[in-house]
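Got some structures for you, see below.
One chain, chain A, appears in both complexes that follow, with chain B as partner in the first and chain C in the second.
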Partner chain A sequence: MRGLLLPLLSGVALLAAAAFATLAGDAYALRLATTLCLYIGLASSWNVIGGFAGYPSFATAAFFGIGAYAGSVLQAGYGVAAPLAWLSGGIVAALLAAGLGYCILHLRGHYFAIASLVVADVLREVANSWISLTNGGMGISLPLLSIGVEDQARLYFWVFGAVAALSVAAAWLVDRGRLGFALRCVEQNETAALMLGVDTRRAKRAALVLSSLAPGIMGAVYASWVSYIDPTDAFDVLLSVKPIIMALLGGVGTVAGPVFGAAAFLALEELFWRNLLELHEGALGLLVVLLVLFLPGGIRLVRPRRLLAFRPLAKPGRTP
Partner chain B sequence: MNAPLLSVVQAQGGYGDVQVLWGVDMKIRQGELIALIGSNGAGKSTLLRLLSGLVRQTGGQIWFAGDDLSGTSARRRVASGLIHVPEGRRLFAGLSVRDNLLLGAHLRQASRAELAADLDRVAALFPRLAERWRQDATTMSGGEQQMCAIARGLMGRPRLLMIDELSLGLAPKVVDQLLDALDAIRRTGVTLLVVEQDVAVALACADRAFVLDHGRVTIAGDASALADDPRIRASYLGED
Partner chain C sequence: MIAQILANGLLLGGLYAAIAAGFSLVWGVLNIINLLHGSFIVLGAYGAFFLHTAAGVSPFAAAPAVGALMFPLAYALQTMVINRVVDRPVLITLTLTFGLNLILNNLMLLAFKADYRKVVLDPPLGILDLGAIVLPVDRLVATACSLLLVLALWSLLRLTRIGRAIVAVRMDRDAAALMGIDVRATYALTFALAASLAAAAGCLLAPLFPISPVASATYLGKAFVICVLGGLGSVPGVVVGGFALGVMESLGALSLGPEHAGTLAFLLLLLLLLVRPSGLLGRRGFD
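Let's look at the complex of A and B:
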């Protein structure tokens, strides 16, 4: 029952946000809700590799950026319909993740983190230099949809919302299945997992590919949403850092943690940083330090547990 | 004479560019209890890791139950019944004793009834574990954790169980209990390869022993004969 409660709560929270945003008809609220869905998708996806498997991936920006570019090139260059281009963003990101997994998943800890961090930098330089395909630093302008501005805003909200819901659902399924079990073994003690015959390599690759799908799709949708991308925007390192903070904030390795963490992060971003224009990146750094020092288990440990029966962080998984 | 269960021929391996094993030869027959002894850094743990597929094999051959295991995955080796109880136990924190044990059986397509029967079997072997069924495995004493690690290995229905550093850091009374358990395990037909730093203990309980030195087997033979071997007495039993 507890297993069901979390996704249900997450779903209800998403629906409430959705209803609020669309019914209110307020452009600001709608934009916030859309950003929330984007954040939930990114954080929840990161959580599969970073939380369940304990592999601190900084590759989210790479997946997001390559998805954004795949979608943009297909739409602007080849006239592919938007939905197909968005899906292609996810597929291209997954292909990148599969290749990347093959190359760097044998690294552990800091080494893996650094290796995953540079991927976005490399791709940014490729996007900058491959002018014939990406238009280099000039960026790509995307065709606008032939519907009204408000309808567009609403459409993007629902698309981001659907992808976010799918990525939470995927995390939930992974958590309950054999893959989640294998990933938690990897997270706890990879060598012991190997000794018990867990196919850790396959599990990690699957986790990395899964964690790339939603960011890839969302990158492509994002490109359409803002109708223009350039390498700096698409491969922004903050896209890798923010999902980690959100997951830390809500509770790493839990299904609901990234959802609540994304909401909390967005609230902080709006309330705090809009008032600290000059210092907001400093505030981000400070937040990370405070989180690691005082709340390694996330904000869910602050409030009374009886209100929301979260699973203990240390629980590595169910046995088959 | 039966064909050996495990046959290691000129096996070489190590970590990256550092070669640790320089051509190990070893034959183990079904039902034997074998002690692997040697000084620190001789390559005992590396040999076990090589056998279980955790260390890359760079030369030689490993035959287990008639199959060439060279280059196969750790998963396949576990599935074929070659199971490693690692040094330091490596139990999963946050999981109960029972769940840790069930993890040991996760590659088997066993029914609930089979698993329950196997749990009863290891509980009979280690009654202390049965008392702590629901406790977080890593909060137990060192001896209990070692029992749990061995029991987890048994849950995989091993043909050959390799135990690294059986008695390291454990009280003599606990070591006696573990040795009794090894004897009981062996009587069920499971072959045992045990790395043990206490050479006197190792030679007292084993049928045969291999001495590893600088990545090679330098002495091999019946344990009782080795206990009287002047080289062993001088190097490992502290006698002149």
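Let's look at the complex of A and C:
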């Protein structure tokens, strides 16, 4: 029952936030809620490969960026309708993930982390230099939808919300299914899992593809939302790191963790960093350092008395 | 023409060896990917810049001093922060050094601004004309100094008690602890040594390349590629990897155009990770 409760609760919380945002009609609240959905989708997707399987993937930016570029090129260059372009963003990202799965999933630890990190760098350079397709560093401006500004904001919120809900639902299903079991085995001891007959390579590939779908779609939708992308923006390394921080905040390897983590991260972002323009990145870095040192198991493992003792938690319930 | 390009590549490669040596040492001994490494290099370059503008010290002479200044800072950072999570999984250590790098880079941006600066040697060192090839003397001196630094690291690891302790921890941490080696202190020493080397390498780069906090990611990327090329955790591997990358970048810049040199390096890295993750000279043990 406990396993069911948390996702249900987070779903309800999401719906409540949605209703609040649309009813209030406040542009700022709506923008915040849309960003929250984006964060939830990214963190929850990362969690499938990074949390369940324990593979430290830094490829989120690559999936997001290639989705953004696929959607933008299709819309701006070939006049494809927006919903179709958004879906294509997800498909292109999934294809990239499938290819990557064959190439880099045999690497473990540091090597996997670096290989996944480098993918975004390579794609950024490609986007920079393949000018005939991507317009290079000039970026791509997207056609605006032919509806009013407020309707547009509401539409994007619902689209991001739907993708976020789907990715949380997917994580929940994976968690309860055979795939989730296989991924847990990989996380705990891959060699032993292999010896016991778990098809670890297939499970890892499935996890990587699953974790690329939502970022790909969201990248494409994001491009339409802000109506302009360039290589630096689309393949920003922070896009890979922020979902990890959110998952760490909420609890890696759980279904509800990334959802709470995304909400907590957004709250911190809004509370502190809007006032710290020059120190924005440094403050984010400080948050990361404190989080890693004192709360490696996420917020739900906070023991106020332990915090006062000024040392890292000795035995977090679940280590990533 | 080819001889000139090879010479350029070798000159660059010697510098690359010094850039990557500390990174490789930390990765090999602490099993940590130190994302701060690029920022340490840039910090060293700023050290050389300010010593040069304030006191007219040559950047090549400043290298040992700046490296020595870096040592206690890095030692403190390792003992107080990184040692706390050094045994944790990759995700944790990588995220920690990423966060630390965000802080350091942000501070450097605030302190030094993003403008590019450069140490201009006065008088310029000129060029060395060997008939078929022409060598800029400043690059030659920088490469020689950087190879000296790498040689110093190698002899430290080979010949001193501290160096043997570092190698022992690299080979088998638990056995080293049983032999009476203080593993935590060795970690801190290794990290500080690597940071000093990075800062000294930064000094050598100061008269050749523009200095800016923005450059740290580039240096970090190069250190990655060199480590994977040459094989993790060996000093000769770093030298081989450095020269290999230098020559390949020169050839790549010739055949594809200079703007693709970076992409080439990254593609090479991906390719190498696919077929031979242990590198060209990869093997266990740091010697």
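Just so it is clear, the second predicted complex is superposed on the first by the 302 of 320 C-alpha atoms of A that agree within 3 Å, B and C clash if a C-alpha of one lies under 4 Å from a C-alpha of the other, contacts with A are read in each partner's own complex, and residues count from 1 in each chain.
Simple rule for what comes next: a residue touches a chain if its C-beta (ideal position, glycine included) is under 8 Å from a C-beta of that chain, and two chains touch if they have at least 3 such contacts.
Keep in mind it's a predicted model, so treat the numbers as computed, not measured.
Undergrad: I'd like to know which partner A:Ala192 touches here: chain B for first, chain C for second, both or neither.
TA: Touch partner of A:Ala192: chain B, not chain C.
Undergrad: Is A:Leu284 touching anything from chain B or chain C once the two structures are fitted on A? First, second, both or neither.
TA: Touch partner of A:Leu284: chain C, not chain B.
Undergrad: Quick one: name whichever of chain B and chain C touches more residues of chain A.
TA: Of the two chains, more chain A residues are contacted by C.
Undergrad: Across the two complexes, what residues of chain A are contacted by chain B and by chain C?
TA: Residues common to the chain A contacts of chain C and of chain B are 312, 319-320, listed in rising order.
Undergrad: Going by the contact rule at the top, pick out the chain A residues touching chain C in the complex.
TA: Touching chain C: residues 50, 54, 56, 103-104, 107, 109-111, 113-115, 118-119, 121-122, 125-126, 129, 241, 244-245, 248, 252, 278-282, 284-289, 291-293, 296, 312, 319-320 of chain A.
Undergrad: Under the definition above, what is the set of chain C residues touching chain A in their complex?
TA: Result: residues 27, 31, 33, 81, 84-85, 88-92, 94-96, 98-107, 110, 221, 224, 228, 259-260, 262-263, 266-267, 269-270, 273-274, 277 of chain C touch chain A.
Undergrad: Touching residues of chain B toward chain A in the complex: what are they?
TA: Those residues of chain B that touch chain A are 52-54, 73-75, 77-79, 83-84, 86, 90-95, 99, 102-104, 106-107, 152, 156.
Undergrad: Tell me, which parts of chain A touch chain B in their complex?
TA: Residues 181, 185, 188-189, 191-192, 194-199, 312, 314-316, 319-320 of chain A touch chain B in their complex.
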